[in-house]
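Two complexes are shown next, each including chain A; its partner changes from chain B in the first to chain C in the second.
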Partner chain A sequence: MTLFVQQFFNGLSLGGVYCLAAIGLTLVFGVLRIPNLAHGALYMVGAYLTYFFLTSAGVPYILAIALAALVLAGIGIGMERVVFHPLRNAPHTHHMIAAAGAMFFLHSLVQAIWGADFRRMESPITGRVEILGTQVSWQRVTIVVTAVVVLIALTWFIKKTVHGQSIEAVEQDRVGASLVGINPNRVSMLTFALAAALVAVAAGLVAPINLLYPTMGDVIMVKVFAIIILGGLGSIPGAIVGGFTLGLAEVMATTYVSAVAGEVIAFVVLILVLAIRPTGLLTKAVQR
Partner chain B sequence: MSQKSRSTLRPLIALSTVSLLALTSCGNGGGDGEGGTITIGVTGPQSGGGALYGENVEAGIRLAIAELNEQGVTIDGEEYTVEMRALDDEYQPNAAATNAQRLVEQDDASVVFVPHAGGIHAAQEINTSRSEFLIGAYSSDRQIVERGNELTFMIPPTFASYSEPFIEIFQDQGAERLGLLATASEYGQQWTSMMTQDWEDAGGEVLSNNNFDYGAVSDFASAVASALSEDPDVILVGGPSQTTALVIEEAREQGYEGGFMIMDQAKFEEMELFTDPENLNNSTGVKPVAEFDDPGTDGLIETFAEEITQERPITSETSLNFQAVALVVKAMELAGTHEDPAAIREALPEATAEVDDVFRVSGFPDVVTDEGLLISDTLEGAYRDSEGNYEYFPVEIE
Partner chain C sequence: MKLTFSIRGVGALLVAAALLFAPLILAEQNYLLRVLITGITYAIAVYGLNIILGFTGQLSLAHGGFFGIGVYTMGLLTTDYDWSFWSALLAAIVLTTVVGFLAGLLALRTREAYFAIFTMALGLIIYMVISRWEDVTHAYSGVLGVKLPEDIGPLDFSEPATYYYLLLVFLAAAAYVTYTLRVSNVGRRLLAIRTSEDLASSIGINVGLNKQLAFTASAGFAGLGGALFASAEGFIGPNSSSIDLTFELLMFLLVGGVATVMGPIVGTLLVLMLFEAFQDFQAYRFILLGPVIIALVIYAPQGLIGRLNQLTFYWKRRRAAAQKTAVGAPEQNSPADPHNEKTEVR
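Moving on to the complex of A and B:
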């Protein structure tokens, strides 16, 4: 029972990270209809920036994550302007190629600045707390709490603010949105900024329990794609449900079946969803 | 000029770029006028997840070459300059074979260093047929020399050599239950199946296999927790040093107090930088380079810090390749040729005694077997006791 409770918390924290990373990807897909293959690389840059602010600049942990998110938002806007905006009328394959290019560029850039070495980011949040008779590290509690807070803030932003509503409007109907005066350019930039900021938060949270290296984003990238296909491409609630489902499924499969099963489960779920309900669990109608 | 449209300019630019490239590559490949050039080929990961590993291997080769050139290399009365030519294979076996072929045919390399088992295997498919070249194989899986490839020499000690002394140390302490938490790469699986067999043969019990791919998992906690739930006395871990350190730390944080057998890929000196060294207490592993008393050890540590980096300690990935380059160039001198791989291979055993002391760093080979194993009679493994002190024990290479 203790093992179950402990693994449940491990699953929740992993799910929280997956969730934050997946929402960005699904937002970009919802608004621009492109699978941003460079999303994992943005995650990696987010982790390195958090590391930089925390270790080299000496900023407190949570603030370091916030600063990294801010810088990443800028990089996200830059990416939209430089890479995707010029391709807005090009065929879909061009977006994929451009995104892959952006990914390799970011890998090499980070390797040139920080080197290929593994880096360890020490979190100032140490120690453990007893929950339901099991020891859970404060870092994991922080991950879950921050993920929930960010998710609530995001929902409020999308539902209650003008900018957020404009994102949702474009997601639902691009032509209709521009007819009522929403500037699709601005929405595209805003979406990229938001997606990049969210993935930076995910990376900043997970960095202390993992290692930093230039290709660290590749690992999470595959999982995150599985999540948004599971949840339904473009659906935010889908990304949230999918993220936590996959996090928990992975951990439980590792515990009760085998570690290999834990690694495979994402793809088993992916194949099942594609076979039984190819539009995903919580889908909105995807146009085009 | 401005009248010309872009479309006419483009081919011109392309042409001039191509010719420039051709010119520069000529400069690299050709001799320098005085004396000849010996090219040592390297194919290893320069980008992607294995980039750091590739860098460490290349560093050893580069430092050896610099030292050799300073001392002067004379083959058959003629002076030579040694050069390294390194290509990126991103850890891909196919790319390694293609690179090796390129290094041999375009750069006239007769020796190619390959630092990963998959690449070595792929290179062994081609090195005795179409274009002959000698493989400097840096990987500790014994299969490399068991395939009967005549133009291969294996640089590191086989990992099987560590099995017996590791088991002895823990079973002397009364350990019975062995947990498995190694990386799930091919190398990790081979280590695991060897250790499973040997541990059971020695009368111990092997618990369920919780190996997972150290490079592809974002959170180690769950695999560690399920391994610990079976209450092991000692756990087999290992993969890249840095990830291994995190796995060990996670186990300690979850309350594990037993020992660790650390596979030879992970190095104590690197792990100490990534986790509180106390977590590593009661573990067996590879002896740190700095702890060897060979004549060249201190010199290489110093050059590594000056020329390569001060941010990380030198490991055997660098030191063993450093030694191997010196050995192979000495063999060229003795064979009187830098072009005939078979003659160079044949001269390797004799060369072991002739290599200058500067190149004897961490268990320099005393013997090169017919199979191509480099055997050092003074190799040792390390045990870090429960107080954090290192003890060394002899390891017989087999």
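Moving on to the complex of A and C:
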């Protein structure tokens, strides 16, 4: 039982990270109808920037994550302008190829700056807390709490503010949105900034638990794709449900079956969902 | 028409001649010959990618994985199981084709972005199987001593130049298949699917069947390239099935020109030579090449050969118009329609 509770918290914290990473990807897909293959690279850059602000600049942990998110938002806007905006009318294959180019560029850039070696980021949050009779590290508690706070703030932003609502409007109908005076270009930039900032928060939160290396974003990107396909591309509630489901499933499979099972479960889910219901489980009515 | 054909023919002949005489020119430089050998094995896989991405318009990100299956079939069968090169080559082609067929059954149920994501996951699964299934694949330690082809009569394939010519035969076959596909009805059907699946099925094309065929064939080519690669290198490791390889193959194709006959070989060799030029900062080459990929899809999505074909097409049209005015016929005002040019036979 203690093992289960402990693993449950591990699953929740992993799920929180997945959610934050997945929402950005699903937002970008909703607005621009493209799967951003460079999302995993943004995650990786976010982790390295947090590392940089924390260890080299000596900024407190939470502030380091916030700064990384800010820089990533700028990178996201730049990426939208330079890579995706010029390709907005091109066939869908072009976006993905260009995104792959951006991904390789970021890999190489990070490798040139920080080297290819694995790096460990010491968590500034130490100690454990007793919840339901088991020891849970504060780091994991921080991850879950931050993820929930960010998710609530994001939902408020999208549902209640003008800018957030304009994202939803463009998602529903790009032409219609521009007819009522919404600038789709500005919304695209905003979406990219938001997506990059969210993925930076995810990476900054999980960085002390995992190691840092230039290709750390590749596997998580496929997992995040699995999540948003499970939840339906473009659906935010779908990304949240999918993120926590996959996080829990992965941890439980690792604990009770084997490490390899935990590693491949995301891919099995992805293949199964696409094979049985190619449009995702919770797809919105307006898909094409 | 005859004239443009000859321009293309001359271009293709020049490339073929360069490839034919390369071992004679590079007689003293075995290193460059090795680069060419590796390049040709990649190019064969790129011809595979060309069928599914170039002709059919489906972005498959599983081709690094298919290449890896070819590599490992050849590598493991000729070492651990002591098969001969030729039987292992046949096994590699059959296995990748079968895997491609089965994967296609599932993957082709999805479209566009979903297809790309699905195949990317597929490629990663293949990579994970290869890099984790230590009992069979030896995982990260890899396998040494993959066989070269057995001698045929006086032909000794341990001689790099001889092996090079053998690869050239396979390459020519791949290019020839692409060419016949390009001018055949099957190729036209695939191009119609690329233009619009709905329109294609509305004029009676069996979209599912044709996509399935294209995907299967394209996986087979990737496997063939992989098998030859394993034999050429003599060593196999999990990196030859990674997702990075998929993107490299993609870049080769893009630089050369999608849906062209000469694009894959020209693109592959050109980029590999660039890699060699940047060899000193091998790991950082994508700082330059990443933006190059982006610039290519934005400004020259048709690639080098595609661009050349387009230029000959414009030239031909202008020449035809000039002839017409010379004869005195009213000049046909043909607006430049990019969609027409896309489907023009290259």
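In this section, the second predicted complex is superposed on the first by the 286 of 288 C-alpha atoms of A that agree within 3 Å, B and C clash if a C-alpha of one lies under 4 Å from a C-alpha of the other, contacts with A are read in each partner's own complex, and residues count from 1 in each chain.
The rule is short, and it goes like this: a contact is a pair of C-beta atoms (placed from the backbone, for glycine too) under 8 Å apart; a residue touches a chain by one contact, two chains touch by 3 or more.
The model shown is predicted, which means the values in this text are computed figures rather than measured ones.
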Worksheet item: Putting chain B and chain C on the same copy of chain A, do they fit or clash?
Response: clash
Item to complete: Name the contact category of A:V17: first (chain B only), second (chain C only), both, or neither.
Response: first
Discussion item. Going by the contact rule set out at the top, does A:E263 touch chain B (first), chain C (second), both, or neither?
Written reply: both
Worksheet item: Regarding the shared-chain residue A:M96, is it in contact with chain B (first), chain C (second), both, or neither?
Response: second
Discussion item. Contact-wise, after the overlay, does A:L3 reach chain B, chain C, both or neither (first, second, both, neither)?
Written reply: first
Worksheet item: Now for A:L109: first (chain B), second (chain C), both, or neither, which partner does it touch?
Response: second
Discussion item. With both complexes overlaid on chain A, does A:I152 touch chain B (first), chain C (second), both or neither?
Written reply: neither
Practice prompt. Considering only the touch criterion stated at the top, classify A:P35 as touching first (chain B), second (chain C), both, or neither.
Written response: second
Practice prompt. Quick one: classify A:I271 as touching chain B (first), chain C (second), both or neither.
Written response: second
Worksheet item: Who does A:V129 touch here: chain B (first), chain C (second), both, or neither?
Response: neither
Discussion item. After superposing on chain A, which of these stretches of chain C ends up overlapping chain B: 25-33, 43-51 or 295-303?
Written reply: 25-33
Fill in: Residues of chain A contacting chain B in one complex and chain C in the other
107-108, 111, 116, 218-219, 260, 263
Discussion item. Considering only the defined contacts, which chain A positions touch chain C in the complex?
Written reply: 29, 33-35, 37, 82-83, 86-87, 90-94, 96-98, 100-109, 111-112, 116, 218-219, 222, 225-226, 229, 233, 260, 263-264, 267, 270-271, 274-275, 278-279
Response to the item:
Seen from chain B, its contact residues with chain A in the complex are 47-49, 51-52, 54-55, 184, 208-213, 215-223, 225-226, 229, 240, 242-243, 246, 253-255, 273-274, 311-312
Worksheet item: For the complex, which residues does chain C have touching chain A?
Response: 53, 57, 59, 106-107, 109-114, 116-118, 120-122, 124-125, 128, 132, 243-244, 247, 250-251, 254, 283-287, 289-294, 297-298, 301
Worksheet item: Any idea which chain A residues touch chain B in the complex?
Response: 3, 6-7, 10-11, 13-14, 17, 107-108, 111, 115-118, 120, 128, 135, 137, 140, 206, 209-211, 213-215, 218-220, 223, 250-251, 254-256, 258-260, 262-263
